[in-house]
Each structure stands twice: as C-alpha cells, then as structure tokens.
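Right, one structure below, let's go through it.
First chain written, first letter: the chains are A, B, C and D, and each begins at residue 1.
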Amino acid sequence: MCRWAAYLGNAIFLEDVIAAPSHSLVVQSRQAREAKSPTNADGFGVAWYGDRPEPGLYRDILPAWSDANLKSLGRQIKSGLFLAHVRASTGGATSRMNCHPFVSGRWSFIHNGQIGGFEKIQRALENSLADELFDELEGSTDSELFFRLMVGDGLVDDPYGAVSRAAGRVLEVSRRAGIEPSLKLTAAFSDGQTLHAVRYATDDHAPTLYTGAFAKGVGRCIVSEPFDREGRIWHEIPQASFVTMTRGGTSIRPFAPAVARLAMAG
Amino acid sequence: MCRWAAYLGNAIFLEDVIAAPSHSLVVQSRQAREAKSPTNADGFGVAWYGDRPEPGLYRDILPAWSDANLKSLGRQIKSGLFLAHVRASTGGATSRMNCHPFVSGRWSFIHNGQIGGFEKIQRALENSLADELFDELEGSTDSELFFRLMVGDGLVDDPYGAVSRAAGRVLEVSRRAGIEPSLKLTAAFSDGQTLHAVRYATDDHAPTLYTGAFAKGVGRCIVSEPFDREGRIWHEIPQASFVTMTRGGTSIRPFAPAVARLAMAG
Amino acid sequence: MCRWAAYLGNAIFLEDVIAAPSHSLVVQSRQAREAKSPTNADGFGVAWYGDRPEPGLYRDILPAWSDANLKSLGRQIKSGLFLAHVRASTGGATSRMNCHPFVSGRWSFIHNGQIGGFEKIQRALENSLADELFDELEGSTDSELFFRLMVGDGLVDDPYGAVSRAAGRVLEVSRRAGIEPSLKLTAAFSDGQTLHAVRYATDDHAPTLYTGAFAKGVGRCIVSEPFDREGRIWHEIPQASFVTMTRGGTSIRPFAPAVARLAMAG
Amino acid sequence: MCRWAAYLGNAIFLEDVIAAPSHSLVVQSRQAREAKSPTNADGFGVAWYGDRPEPGLYRDILPAWSDANLKSLGRQIKSGLFLAHVRASTGGATSRMNCHPFVSGRWSFIHNGQIGGFEKIQRALENSLADELFDELEGSTDSELFFRLMVGDGLVDDPYGAVSRAAGRVLEVSRRAGIEPSLKLTAAFSDGQTLHAVRYATDDHAPTLYTGAFAKGVGRCIVSEPFDREGRIWHEIPQASFVTMTRGGTSIRPFAPAVARLAMAG
C-alpha cells in the first residue's frame, strides 16, 4: 500500500502539501497512520501542471524523507494542480519506472491498492491494450497497467466510464483465469484541468480517501489520509465512490465496475 | 551496442578480467575501440559461479568506471566461470533490470547487438513465452527477451538449437509483422559448466567476437574486443559462428537461425 | 540510530545472518524492536573477509529490504568473519560514503550511536587526524570520523586503548568547545582475525548489544538486537563493556574513555 | 574537466539550453568537442532562479543523457537565470554532493578546472573557512571548497575581489605546502541578479569560455563551449578575464589572483 495527496486550486508551492504540513506526505513516507504498513519508502514521485498541457514528472527511488532534490523542487515549483505519491511496494522492484505518478499525454495517475493475483492475469490484461498503449508501458506494476487500461477504455472522453470499464475488465479477466476477482483501487488522476478520484474495493475494504480545503478560497485536496488536523476539516469519502473536483466545486457519486461484455483480444 | 567479457578456467579474481588489464572492460566502458559508440556507460553487471548451482549477480546503473562496489567485489570474488558486461543502451531506460547479465535458474546471458524494429514485435515475441518465462521478465530490453526465448526454446537440453530456434523465431515474427528481419547477436551464456557464445547478424555485420587464453594453463576468455595485447593472442571468431568452451577445449561451428515452422501462440 | 550484526566462525553465507533469520538484519531495516526509531532505511553495507587481508565492501543507499544485489551477494558470498549494518541517519545525507562499514586497510567498523553536538566539534576532531587519515575521510558522518580517530589512536597495536583514547578525545574536545560531552557508542570492528565490540554512553544509556552462538560449534555473533529467538540464547552485554571475540572464545571487560591529556593539533 | 552553460535573460525553458540545441549540454555530456576528455558522465546538475531569492537545485549521479527527470524538469521549468553543469570527475567520487552547482544562500556556482595538488592542501584551505562555511561543506571536491572560500572572501559585496582573494589564497597555501601553485578556473556564479564568470589558469591554459546571444532580445549565455553554430555568434573570452553579465549588458575585465597577505588560521 502507499500514500498520496493531490491538490487543485491557486498555484502553491509543492512543498505546501508534500513537506510543510505536520503530517505531510514526507512524514507519511516514514510513518503513515491509516495504512496497513506504516513505511512507504520504496520511492516517490510528483506530477505537476504548469506552462505546458502535459505534466512535469519527478520520480526517484530513495525514501521521500531523504531526497534533497525533492526538497528543493518542492520549495521552488508552484502549481495549481499536482499529484504526489510515496510508495510501499506490494511486489514490483524499486525502480523509477515503478514509481507513481504514471503519465500518458496530458494525464497523470496515482494509486494506492492492488490487483489481486496480478501475476496470473498480467499478460491477458496487457494483451487487451492497443499497440500504442502497450508501447507506453515503462515498468511492471499493476498500478501502471491499470492506468494504461483506463486510457484505452476512453479516459479522455469519459473518465468515470473509463475507470469503471477498466475495473470491470480486471474482474472479468480474473474470472476467466479462474481466480477470485480482487481489486483495491484508491486512486487519483487528472488531465490538467479536473481532478478525479475513486475509492473502490471488491471486498468493500478500499484504502481510505479524504477531501478537504487546503485553505479557504485557495484550493482543495484529495488525500489518502489527512496531512494535518490544524484548522482543517477532512471528509472521508465512502466506499465505492467517484470524486470529481474542479475549480468550481466537488461532486461525489457512487462507483461500480462496468459489467464486462468485452471482446478480449487473444 | 555494448562490450562484454566471459571467462572459464581456474578460479581467478573477477578484477583480473574486469579491471586489471590495460584495456579492461572498465576501460572499455569509457573508451571502447571496436564498437560503433565508444562509450558504454549505461550500467554494467557481472554474473559469476561459485558455491551454488545458480550464479551470483551484481548489476548497477552507474558507469562501470565509477562504481566503488564493483571495484571491491572484483578484488574479493574468485570464480572459475563468470560473465561481465558494460552497457550502451539502444533504447531501454537505464535501470538495474535492463542491465546484463540476465539470469534464469542456472543460466546467465550477456548480449551485444539488437533486434531491429523491436517495438513492433515485442508483444508477439512475449506472447510466445510460456507463463513461467513471461513472469521472469524483469526489464524491457530486446536482449532479455531474446534470452527468455532461448530458455523457452530448450536451452537446458540443446544450447545451439535453442539459440537457433530463438533467432528463427525473431526472424519469422518480424516477417509476419511486415518488417524486414534484422538481428545482431553477439552473445555469451552459460549454465555454470560450459561457456557458449554466438556471433551472428542478418546482414553479416555482427559485432566482433574473440577468444583467447587468459594465461597458459589457467583459463580462456571470450570477449567483444581484446582486453590487452600484452603476450596474449586473440582469435577473431568469424561471422555466423557458435562457440562451445569447456574446461577440455573450445570448438567452433557454423551458426544459422532455424527455419521457423513455429506454432505461434496468440 | 542503526542496527548491525557481526559474525565470527566457520565460513557461512552472508545471508545466514543478514537475510535468513526470522528477525534478520533485513527485517530490522524495516522494523527494529529495540531501537528508538524502528526504520533503518537510509542505506546499508557489509564488510567481509575472504581471500585477501583487507575486507570486501558493499554499500548502497536503498533500504536493505529492496536491494536485489544485496540479496544475491548474501546468497553467494561465504565468509568466516563479516560485519553488516543498516542505517538510520542522525544527520548526514543518504550516500554510499556515509554508509557503514567504514574500512581502513585491514580494519572495518560499524557503529550505532552518535557524537552529541558533532557539528560544533567536527573540525577540531578532523584536525587531530594525521594527514594520511584525513585523506581517508570519504563521507561526513560522526561514525566514520570516530573510526579514523581510533585508527590514529593506535588501533592496530591496541584495540581497547585506541577506542578508549578516541572516546576520551571526543569528550575532551567537547569540553574545550564548551559543550556537554555526549557520546553513544555501540560499535564493532575487526582486523580480519579478531572481532571487537564496545558498548558505552556518557549517560549510561548506550544502545543495546548482545552476543550469542550462531550455531553450536559453527560460530558466534555480536548484534544490536537478537535476530531470532529460535533455539538461540543471547547474552545482553552490560553498559560500559568491551568485548573481544576470537575463534578461541569471547571475553568481556569494563570499558571507560581514557582521561585525555592530549596535545591537540591546532 | 567538465562542461557547463549559464543563461541570463527572459524566462525560457531550461531545456532550451540544456537539451534542445544541436550541441546541447546533454550532447556534450556524451561527446564534448573542446574538452580534454570528451565524456562528462559523472553526474550533472542545474540551479535556477524562480519565485524565491535562493535558487532551486537538481543534481544527480547518472549521465545527463539518460536521466528522465532532467528531461522532464527541463521541459517544465522556466527561468530567466540558470546555471547547468555536466561532470567529468578529476578525483572525487560520483555522488550528488560532489555534483555542481554548489549553493550558498542566494549564490550558486559551477566550475570547470582543478586545484593542482589538492590532496596536499585541502585541510589547510578548509581551516581557513569560518565555522558556518565549514558546516556548509557537503562533498569533497576542490570545486566546492573553492566556492566556499569565495563566499568567505566577501562574495556578497565584491564578487571580483572574492574570486581574486580565493585564488590568491589557493596559490599562497600551495606555496606554504611546498608545492608549485596550480589552478585552473573556468567558472560561473550568480546571486540571482547578475551572472559572473572567470577564466584563469596559473599556466595560462585555462579551459575555454565563450559568451553569445541566446536569441536577439531574449537573453545571453556564458558557456564552456558553443552549444550550436546555427545563427549564433560566440565570443571566446581571453585567458585571465572576468565577465560580468547583467540584463543591461556584458563587461569583461582582466583577472588576476590577489597577492595574498592573508593571516591564515592554523
């Protein structure tokens, strides 16, 4: 499991979320409160939107608490929309390519969770990707592959539907492989305009998800767990929810995987 | 392109090949003589056979010339059979998982060369792997995938045949994908007993390959390019050759890809 | 604070101490039991004695639990005397040069503890080193500097006296700098023949230290905390003790810093 | 020896200098034209000025050509004043702390050159630093120490004088140590407002230095060697020169080390 935080609002320094709060993401990399494993030290990353449509990306393999580059970048870079992640590997090696966020064109994605029995269905899921998305695969994690599935399932035009179909695809491929479908999906993603998040698990025990104001009139956050309690109010998002956050407001609706009637390649 | 060196004989320190000679592999990482690109600084690795049937493996992403760990390991570890490699990436990222040697059970493999148009046939080649070999894939290089193909094509029982069939498979899959088959394959591999090497290219311009005595009565080497000329005689191996080196002697025979009548999965 | 383990006896695989036990050093890197901070993920290292008088050295900056090289080296390298360490930084950056063990000629050194107010006395301590020892400094930790002081204070001829004098020097330099002397020193070191350890703190709260048999008739260990309880009996070493372990047996005597009547350079 | 490039003018993307030109700094990391050694692959770094008085800093140990983070940061970060460097080590280890730029408060510094006989005078030079500057030392290079000397010699109030006095100090300390003074100093540094550079060597063979327009009316560069010839005119700066570049213009004056009448500590 992992920890992550995403921000949408007026431009602030990345460190205002990543490093400055009392229970910041950097602190959570060493000692998370609401995670199964408290240590999230298998690398980290941040994607931020600035002067270009596609996000910037900085990922590395050290624990977030000891990376001097992250500290300096957090102090210098201002952004009105960014997604940051500290990793606790559930299997894949510690490498930059396995660190979140993952990026595709304008889209970025961070994930806390797991595809159960991934090693049994990885190839079948990869084979359902179109060539250009297969070529985008950089690492070997279930998280990255889920994101590429979302892109292939229409992320640009229909974010909710894309996640729903990708989740349905995972469940269907699991069944075909003769394994009990198991998916834990607490994730955020963005195209540089809107910030989306989902909390879902096949066993209704998805990792936690919260929204809260960064500061009144400045911006809002979506996070794995609150990064402080000082004057901030956090709302826990229920199981099986989909969050859409724009500069105009935040909406929450129920989330469920699509019933897959997918023509599977291969 | 890359540079590599392999040794078979009495146990010597790894550094006796890797670092001590005047034109050692470490020197070649900075300035190779017979390679297209002189710099081979995208990581390195060494596999050696010792007290266990499977080899030890040390790989990292720094240039070989600046890695203090490699220097110390080379001074300490003695082995009668080892394969070492310095990498010049032809595409894949600089990561440990993309560094040679690659290992599967008792087998290790190092490669200098390239599968032309790899991005167009990678998935088809992966799909011809059995599940357990697909699961062994760690990185994203053409070299590693070729090695897994060799394992799947019967490496344990028939080394020559396995390389021949894997090469044939690459050519056939290329043709099916509508691209001109292009393979450059100057590689060495071992099961801990015998050292094999191959030099082959579809255009008859395979990277160089040499054999030579390490020292009279001590051991023999197979290398990309000679690591010194001081008192050593090197034999250039012709294009389209397969080398088999045991403690009893070295044999060379012509090599050609198998004509593929392969039932391709998928 | 950090965790470490040292072994002396018949040659065993490094992993038999580092990775195999139920509460091995690798496990302790993630979750130590008797340390102030449970996480020891700011790099690791191991020094081992083999075919040469000077030890081999492998150090790197990843958490020990995620380093594939450490895993392979631990499975391959056999040694009758080795020292291993997982680091929790008390200040210095995460770099290879700041990872333990530190090496000087035949000697290796691992440390758990701290020199209080180090930043105020670092230069004075460095200036008490002879030129050739000053040149040996690679990193910026208090641990390494203490080791170089030991070497300068006669480690080769008088291990107990060297540690005692180096500790006395730290206390004296602290007093001259107007700060309350504060030293925590739970350390092990070796010349490749004898394994020494010390447990001392100015406040009598030195980090824990234990000795125990690895296996009857095979070898013995000195450790920060027991690496398992299965059939092994561990002896806690009292505060202010000096341990000398040879292949013939283990002796313990009281330890105290020397009263410094040092002519300080500068 | 190393390669570097600095820019002052309207805000541009870092990549416009670092990666986009035909003979960009990234290209020079693999194959420099006017350097003794063509390969500059022992790490890299960039300092840039943005929304804060002190610069941002990104440094890492991979060759610049293979660092995906550098590529992304270069595409995202815009700055009107930045200094970038690719390193070819003349001695110090490959570590982040030994990579340029070095930073002190608002000041940043990049260097191509060497202090001859550095190992013989390192400690004496360190001892001439005030405590707070000694504490700022992060790595072990002659370049960083020269920069800290500059800061101690009045960089804030008198940039020319500070470099002149620091250079004089190196020469004087060399003489006192009984070695022939030898200094090669082709360096740039800035406080976030003005960009300074110096070209000097005791043997009148200082590494090359050029100035040129980035684009008419946009900005100007100071570089080790031209990063392209396409429509740009480069001016070689003579030996023993000091360059001062502001948004208003560029001035060049003769440079000489101060005659040291320094009271040396220790």
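Following the convention adopted for this analysis, contacts are C-beta pairs under 8 Å (C-beta built on N, C-alpha and C of every residue); 3 or more make two chains touch, one makes a residue touch a chain.
Nothing here was measured: the structure is a model prediction, and the numbers come from that model.
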item: Lowest number of touching-chain links that must be crossed from chain B to chain C; value: 1
item: Interface sides of chain A and chain B: same vs different residues, half threshold; value: same
item: Pair exhibiting more inter-chain C-beta contacts, B-D or A-D; value: A-D
item: Centre-of-Cα separation between chain D and chain A, whole angstrom; value: 40
item: Multi-chain contact residues (two or more partners), chain A; value: 68, 93, 96
item: Chain B-touching residues of chain C, taken from the complex the two chains share; value: 13, 48, 50-52, 55-60, 68-69, 72-73, 75-78, 96
item: Touching residues on chain A, where the partner in the complex is chain C; value: 30-31, 39, 41-42, 61-63, 66, 68, 89, 93-94
item: Chain B-facing residues of chain A, complex; value: 93, 95-97, 119, 122-123, 126-127, 131, 134-135, 137-138, 140, 266
